[in-house]
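So that you can tell them apart, the chains are marked A, B, C, D, E, F, G and H in the order they are listed, and the count of residues begins at 1 in each.
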Amino acid sequence: MADNEVIMKGNEALAEAAIRNGCRFFSGYPITPQTEVLEYMSWRMQEVGGQAVQTEDELCGAYMLFGASAAGGRVLSTSAGPGFALYQEAISYLVGSDLPAVLVDVSRIGNALGDISQSQGDYELIRKGNGHGDTMVIALTPASVQEIVEFTGLAYELAEKYKHPVIILYDAAIGQMMEGVTLPEMHEHDIDQYDWSVKGIKSGEHGRKITNVSYFCDNMYVGYETYLRDKYKAITDNEQRWENIEVADAEVVLVAYGISSRVCKEAVKVAREEGVKLGLIRLKTITPFPVKAFEEIGPDCKGIELVEMSVKGQMTDDVALATKCNIPLYGYFTSYEVPETKKVIDLAKDILAGKAEEVL
Amino acid sequence: MLTEIICAGFGGQGILTTGILISYGAFKNGKKITWYPSYGSEMRGGTANCTIKISDEDIASPYAKELDVLLAMNGPAIDKFEERIKPGGYLFVNASIVEDDRKYRDDINVIKVDTVELAKKAGNPKGENIAMIGAILKVTKMFTLEQFESSIIKYFTDKGKEKFNDANIAALKTGYESI
Amino acid sequence: MAIKEFKAPEMLRTGDPTGFCPGCGHGTVGRLGFEVLDEMGLLEKSISVYDVACDSLYMWAIDTDCVGTAHGRAIATAAGVKRVRKDCPVWAYVGDGASYSIGFQHTVWSAIRNENITVVIINNGVFGMTGGQMAPTTLIGQKTTSSPAGRSKEINGMPMDITKILTGQDIAYLARGSIDSVANINKTKKYIRKAFEKQMNGEGFSLVEVLAPCPTNWGLSPQDSLERIRNEVMEVFPIGEYIERGVK
Amino acid sequence: MAHITYDKDRCKGCHYCIDVCPKKIIKVSGELNEKGYEIVEFDEADCIGCGSCYTICPDYAITITKEV
Amino acid sequence: MADNEVIMKGNEALAEAAIRNGCRFFSGYPITPQTEVLEYMSWRMQEVGGQAVQTEDELCGAYMLFGASAAGGRVLSTSAGPGFALYQEAISYLVGSDLPAVLVDVSRIGNALGDISQSQGDYELIRKGNGHGDTMVIALTPASVQEIVEFTGLAYELAEKYKHPVIILYDAAIGQMMEGVTLPEMHEHDIDQYDWSVKGIKSGEHGRKITNVSYFCDNMYVGYETYLRDKYKAITDNEQRWENIEVADAEVVLVAYGISSRVCKEAVKVAREEGVKLGLIRLKTITPFPVKAFEEIGPDCKGIELVEMSVKGQMTDDVALATKCNIPLYGYFTSYEVPETKKVIDLAKDILAGKAEEVL
Amino acid sequence: MAIKEFKAPEMLRTGDPTGFCPGCGHGTVGRLGFEVLDEMGLLEKSISVYDVACDSLYMWAIDTDCVGTAHGRAIATAAGVKRVRKDCPVWAYVGDGASYSIGFQHTVWSAIRNENITVVIINNGVFGMTGGQMAPTTLIGQKTTSSPAGRSKEINGMPMDITKILTGQDIAYLARGSIDSVANINKTKKYIRKAFEKQMNGEGFSLVEVLAPCPTNWGLSPQDSLERIRNEVMEVFPIGEYIERGVK
Amino acid sequence: MLTEIICAGFGGQGILTTGILISYGAFKNGKKITWYPSYGSEMRGGTANCTIKISDEDIASPYAKELDVLLAMNGPAIDKFEERIKPGGYLFVNASIVEDDRKYRDDINVIKVDTVELAKKAGNPKGENIAMIGAILKVTKMFTLEQFESSIIKYFTDKGKEKFNDANIAALKTGYESI
Amino acid sequence: MAHITYDKDRCKGCHYCIDVCPKKIIKVSGELNEKGYEIVEFDEADCIGCGSCYTICPDYAITITKEV
């Protein structure tokens, strides 16, 4: 890499950003539309003396990462849709074992064979799935290649701060497209930096056990309940991230993340030129869900327009709760088509004209 | 101003790279860009294409519905995308492959570029795409020849392929001057 | 005077051309399976199982029952189909990535349980569908998008040879064919026929691996691809019959 | 006497058939089919009906009928 | 089985009920606290001429079931927590391929190694997880061994009615305990009964393709969006199930499912004897969530008390939405301890005394 | 005058008794590993990886670094640990259910990639932790809770023999030991020592399977369990060295 | 009325079956029951126990905090559960194993049953648990001997083990009469 | 001369050691330890320090020291 200002695909930018943040361990398995990460890592890790393993399947990818994290490495594994579904058990184990890790889901449409178009259908999987038990992860939703790069650094920071898995979720459109991007400087990660990681003991030290954290809590599950609640609360209180655009005086507030939010941003601008007061709450985290972003909504707001590429309108419930069910919700849901600026605005106009149907 | 371009042709014709070169040129000249490929099973056998958007401002969706420019390296590319060109937009046709008697919409500008011939002339038989870009620069005045030259040199130099620089610039110029 | 015909089953000829790339081996290997079923009078009763890779394109080429399942799960799925449809010839037709990488465990365990199904595996040395990454069968030195400097034993391990893994398993049939030449295609067809015969006799698990070209991801012309099979692939993966119940 | 039926719309121009014909009676035609693939042509007269071209063709483009 | 009135473990009753409903295919892998299902099936299927396969792992279990369902069988696979997390991809494929299937999650506590106590921590996994894409399943939550038996029959009915996977979710306490139970009569299932299943074609018939349903929809994903939305809506409108106990005049309404709801039922009785007007909404389905149950809540209701064995209080959001955020919510959440009647009532009293803290 | 001591590493003796059942083979097999590490001066640097089965009880018996991972994923996890901690001896200590059933794919693929770790597998013929279900290694005729009429070849397939599966793989070391007698325990210890030596030499994947009793789930007394190993198990699973890089 | 019982002892002493027999007897005599085992890793080596609740009405939780009866087949069972017995409740001690000089709470009824001896006497050496049940019936009057007899016969007959019926009934009676 | 250290609290009464002692100097003691396992007893005088009992003991209950 000759310089820090380049054009890159989202997937490749993620890979390069991870490396520049000190990631020296990658494990994963090919799956469209994220295979570029593996392909990039296959040569780039050799340049920087790291490890890129094409594992035999996603499970091995996830559990190698589990081990590499336990050993103190800064680690990455990426997948998409069905492959990410196979990570579920491991994510639960990462949470239950207090291990930092960065995982990426490049979401694609659909539930079964043959689906690779862009989509935002994995929202619930990432926000509420996460395997068995009482799991919650931190989930970041970048909307541009540049933001992928920034959130990659942030992801490592949060993962290690909370000793917790962080998931970066973006859809195929962002993963596959190239944009201009400024990359961070190269940064080395010290695998000995944390006391908790396994590294062999020194004379007199006790052996470390990376396992179910509840074993180390007062009264086991009783203490673990508190531990986990406190951790989740800290994350919820401190890590909400969003971008509000002209929300305060908006008559219709759009809510979106990722690729859809870019269209919404344009819609706000175009609509305001036409005299329609749109605003946008862009979710930069979906977990914790940025409830605080909704405080800025003003008294002029007639309705919220959810813009998401999903059949179910997967963020509906969270937005309803964030607004205490006080603002009518409308949805422009598309599943695989990238939403169009004009349609966003048209629905907003219908909302204002009282012609739209609520989703909840 | 937002410029929307699609490059399309057979897989193997270097379509994606052509798009990247245009994007990179725009980026190095201070523009925002998005480049978006067809990916996945579409790659198999058939056609390849990519969409480029160039703007001074943030770009919303990387998809394009109203093309300023279609760069068509073969016939099927025209079949598929001609209708999306804006009235008054440009269709650059690879005249080395596409039949000469083909009919086109009459509200667009069709420019035929004999890429094989030009590349040969430039002494760079693999430079068909770059010759095509040269022609596009001349017609659309998106960038000056010099602006694009320096970006193309940087692009290949960064990739460790500086030895092709002269040949590539020759192809670019030959294409530029062919119009 | 009799008529000899060389003619693919009507089902394959009457629809649209397949979605495979020019020269792709899938077209031939799948046809052999359907020819055999046709000749055995079993075509209509047959149930084929595909996963999501290039094999899945067969779903749109055929007009008999089929099931499309997740990547690497075709063999497990086929076993489930067969256990309910004991009279139907059931076959899983799948890639080498699917069967030796993500679904490897199901391949071996279906063999151990001696599931009464036929498995045809296309060894094309790459993950075709996803654009040519390294597969379990990628040869040492072969460049793929995920082994850009060529597969290396140190980093990626040796190619997987299923005939070694299944040595000594008590299954009905195991063979490896190739479609690099007419003679080898005909031989491969015989293997596939035996495999289905064993299934219909209730003898259990039969597996035929077939060396096949993926010109697109090998970056070679179709002809050069066959050449490569003959010169390079067959050396590492010898063709022949490896296990035959009651015989060897 | 062998009869060749060639469905050029199925043909993808791999040219495997050319290589395997023992009588060398299959040639590149120079024409493209609708999909843009370079199709082949046969000199049926000399065909011995060996079926090799059928066997190697991955696209079910060839049918051979032979009286025996 | 000599007679229809017996005492049985929940897990065994499930197995027997499945068989009596015509299930002749079981595939699964041992995991506490559901292994009894596999063990029971191992001998019982031989008696009835069915198949019980101990697969090499959960993935094989799930995909064998996928195949057996495609072939027209009535099928069952069961697991618990981590094992169920491994079913996620397959569940998504079942949904995407319109295949009926009954799956069971016997939930146990926690996220990592060594957790087998009862718990209700898989609510979100079952309600919102379900793999990648836009998935929604039908999820039944029995509260007794008898109800397991009844819901098993119901599960097959719904699975085939909607061509959709149905999940039965209960916790280890219900799975492990014995109760008296009345079993249904033996019923045979005709594997040829549905036209859509693969069985070999007859002359003149076209081949069936069991795969991604979107291929068969108008305009593919566009049509599939509508298809799926309609299906989900039909399920949501028609299949809500619940039991309301003295809800209309209750001052505090308890909401619970499974083992917790049994305790709540007792609490309603005991509290009313003490003059505290409790009521209970017992969820018999969590998907669709029985929103309609909440319509009965009367004007006297001062608050809703959620009783769940989970760290996060996983049903909180759904209840908030069901009440349009109009009723204050309080939580008695325990993770692994079965809630106690007295504590349920104590919290209710605190709520009425204005001494409890809201959870949302 | 020198002193010869037979003494387990202090770490193992000073805490609470292990959680294993009386006569369980885990106690012995794990000890052999720690003895070897101790004798090689590597105990403190060592990192052990367990999954959720009975092996996990070691986490509470030792005082060196360890990782507890999901069922069947110990070998994959150990490979991840080792790739970050190249200087530490890393071993996965796991059950036969974990390594040959749910985690089988990772076992074989770690071997193919020649991951530089040591794997010790306890072949006790059952899923011990979950109460005695059939394992890949359960013998034909053996009754378990999931093969109540005895394992049958027709229904459940033949027992899995890892030495057959890994035949011909280019790994550093493969051996099978037994702990039915003092002599065999000593032999097994030598195998484990070689395995760790190969790892420390960077030669790659080493695997030692050990025949061990699970009296609880076999429904036998400890003594009868050892007897059973001698009389029945060892016939199906012969002990010895199978692969040794540079030697065989 | 709700009766709460725990049966506890070593794994292998047939503890879970003992609990099932009691539950089944209650069920066949028109009661609602829950039976809940300790499961999972607790099984390994150590102790086994199960909790039985018997009632005329629906039973809420299968857990028991205030025991009416503790059936303790060994010492550790007493260590673990004695404190949970209600004042006035019953502790049945397997006197064949538990030391005779052991001290107990003085607000409960302790009944020592020499199960090994009784089983031997009944000619059913494996009938220790059933003898214990006999003793419990006599003391607590939960059910009559006849009621329980018929349920136990049905239980074993349904399991295809009718050949043990006589021996089992003998053990039950011997236990019953030992008090 | 060999010295035997026996940690009876670790012993689980499997009695493997009894079987392997070449001198037959390990016997069932008839006593139970705290956990209820039947412990063994040694006749140290005749011990040859062969270590067999140590080797077979799954519970690290025996240590043998021997002067050589």
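In the analysis below, a contact is a pair of C-beta atoms (placed from the backbone, for glycine too) under 8 Å apart; a residue touches a chain by one contact, two chains touch by 3 or more.
Not measured: the values here are computed from a predicted model.
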item: Centroid-based (C-alpha) most distant chain relative to subunit E; value: D
item: Winner on C-beta contact pairs when F-H is weighed against B-D; value: F-H
item: Interchain centroid distance [CA atoms averaged], subunit A/subunit B, Å; value: 34
item: Cα-centroid distance, subunit D relative to subunit G, in whole angstrom; value: 85
item: Distance between chain centroids, defined by C-alpha means - subunit D, subunit E (Å); value: 59
item: Shared interface positions of subunit D, touching two or more other chains; value: 12
item: Shared-contact residues (touching 2 or more other chains) in subunit F; value: 20-22, 56, 68-70, 104-105, 109, 113, 131, 136, 156
item: Overlap residues in subunit G, where contacts from two or more other chains coincide; value: 41, 45
item: Touching residues (chain side subunit F, partner subunit E) in the complex; value: 51-52, 56, 68-72, 101-102, 104, 127, 130-131, 133-134, 136, 145-149, 156
item: Complex interface listing, subunit D residues touching subunit C; value: 7, 9-10, 12-16, 19-20, 35, 37, 49, 51-52, 54-60, 62-68
item: List of subunit A residues in touch with subunit B within their complex; value: 2-3, 7, 32-33, 114, 116, 172-173, 176-180, 259, 262-263, 265-266, 338-341
item: Of all residues in subunit H, those that touch subunit G in their complex; value: 12, 36
item: Contact set on subunit C toward subunit F in their complex; value: 104-105, 108-109, 112-114, 136, 153-154, 156-158, 160-161, 164-165, 167-170
